[in-house]
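Shared between the two complexes below is chain A, which pairs with chain B and chain C, respectively.
For the complex of A and B:
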């Protein structure tokens, strides 16, 4: 029987709400990623106290903080279901695409909130110069979306594996390196280094990267979700 | 009609079971028995689609497996940070069926604990909630793996009532070695290692 779109939306909404309620009460992702982000930003601010960081260095350091915050917080949405033994309840109750989208949307909301807070704290404490606010905004939003899509994509694979700790780095590395290069290229222009055209091209690349990972994620997930 | 033909499951080179065939129609209850490790739980997972059999096939006519099949197992974990009412509400939305949270809580004896976090539940209360989730969509196939494990006498009465209701509605499959639960079945399948 074909299931209507309203049912699909209800399924996705229920999976999202489940993630939201569990995270709101457990706060595992917020505490680990938020604490890491806060400590990292303060450490960079203290290390660079009295020194004017270049746009390139500022962009690179901000991306390092985001990368680690994302890899700490985001995989939990899929990995915890397998580790805690709740995955079969979901398998029997919701279709794979609905589970993926519910969890991916939750990851996007969570990473956007954490990433924006880190960016605001970083700009405030490190004092990076803002040359192009529009490009900065696109770079931040596009970068966080692409980062969420990529880490979510990797965590789908990692969640099904026996040796998760070793796999996450191996799978994520080839996907995160080009993303980080694009993100830094875009952000460094917004923060005062490089040519505006190159910055905007990289920002468009970030949005494309995000679209690609979110579009292909459900198909990958459907293939690995059932045993 | 639940129909299994020449089912087999192996992990690596080791066959857990082979050549398992049976059929059970509406109003019938199949009890799967056998000593520990013989593959009862694995067989049930193959029946509900949580595992693919290595050979053979299972057929069960149902428009949507999410609402046609109910499954409860002692291995099934629940979300400790959600209440029982939230479990019933959220999973009803995923399956596209009414939540019936108060009605189901009365049925399994969890009315007073409906708004408590499942992390605070005893083993028996979790077992009751698993049964409530399994019967929530009023499935035409209900599969229970050791349903009485960890339950007190009142909990076992709940299991008996649920099994009787299921026989009136569709097909029931129970894996157990409990002599009392073996009485639920009119068909018995013994797995031998």
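For the complex of A and C:
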């Protein structure tokens, strides 16, 4: 049966709205990831003993904070469905692609907000120098989008597994390492180290990586979600 | 007969690896012959990774069309297990090469780092498999992860070490190989070792598929017997 665009959009919108309402009630994702990110930034600032960090080190540490904040916040979308026993109801209510896009869009909004807040707190507390704000913004948004796509997909893989809380980090982080390598290459230039051409090249790579992640995600998700 | 031919081929190729003349352009030319094992292992690790992903796609596609593609799932696991084995061998021989040529076991060379990340990806694949008790769910989830591995793997193997800012700090002798500093004899021995390892790995691949099929049958028999026992007890 052909599915019209408006039906598809309505389904995605409904899944997004459901996530939004659940998060507004519980606020678990925002609180855990936000608090984790802020504590990690404070820990980095304290561990530095006021030493001015280089652009490369600043970029690397910021990416480490994002990686762990993402693995804390994003898996909840699917893990909570299985824990609360609502996953089967969702399977009956919406098509796999709509579920993926609804949850991925919600995760993207959540991760972008948390990631940007962490970045602002990091720059403020650690005192990193900002050389290229446009490159900074593109690499932050591209990096957070690619992080969201990867962790959202990994979270559905572990949703029915044993020890899923620890497992999601174990399987998502190796997939995120190449992304972190690109992200650090780009962000270090924005924070004052390296050549601008290399930074922009890495930022374009990051956006491409995010696009590929979101393009392939729904198909793989559908195969797992239906099982 | 074929097995004997393979054994002879492998023995001759290994002997040739020790007898080949030294390569040019290395810090320690005599010990550079580690590449006779290192390079084929790296090629096979990459090849089996993509083979694992290919069979995973076949399994998932067949499943969505309601075809029995259990054989593809077994092939995917076997390919990934062999890929992991060759990735470990690549890593070990790479570390030895690093020590004899650059004087240190590990120095975060981009090629070393990218293969380490590849090993972590493989490890995550097996961790994911072991976390699912239901065999059907395990195959679906592991196959999806095996397909998803392609993007980071392609990036790690083909893109990351070639990024200008990364390639400039690498000690890896990619340029030495590409600029033709290996003579014809060196290439012949290298290819002989590659085909030797490939021919050795194919029977291992088939054996692993048969072992997996046997384990699946035993599991089916055991669960069937348990179900029958429960029904008998209740009646």
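Here, the second predicted complex is superposed on the first by the 216 of 227 C-alpha atoms of A that agree within 3 Å, B and C clash if a C-alpha of one lies under 4 Å from a C-alpha of the other, contacts with A are read in each partner's own complex, and residues count from 1 in each chain.
As a convention for this text, contacts are C-beta pairs under 8 Å (C-beta built on N, C-alpha and C of every residue); 3 or more make two chains touch, one makes a residue touch a chain.
The structure presented is a predicted model; accordingly, all values stated were derived computationally and were not measured.
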Which of chain B and chain C A:22 touches, first, second, both or neither: first
Greater residue coverage of chain A in the superposed arrangement, chain B or chain C: C
Touching partner for A:161 - first (chain B), second (chain C), both, neither: second
Contacts of A:174 with chain B and chain C, given as first, second, both or neither: second
Shared contact residues on chain A - chain B and chain C: 226-227
Chain C to chain A touching residues, read off their complex: 60, 63-64, 117, 120-121, 123-125, 127-128, 131-133, 136-137, 140-141, 143-145, 147-149, 151-152, 155-156, 159-160, 163-166
Touching residues on chain A, where the partner in the complex is chain B: 1, 3, 7, 10-11, 13-15, 17-18, 21-22, 25-26, 84-86, 88-95, 98, 226-227
Partner chain A, residues of chain B touching it in the complex: 48-52, 63-66, 69, 71, 73, 75-79, 81-82, 86, 90-91, 93-96, 133
Chain A to chain C touching residues, read off their complex: 153, 157-158, 160-164, 167, 170-171, 173-175, 177-179, 181-182, 185, 194-195, 198, 201-202, 205, 209, 212-213, 216, 220-224, 226-227
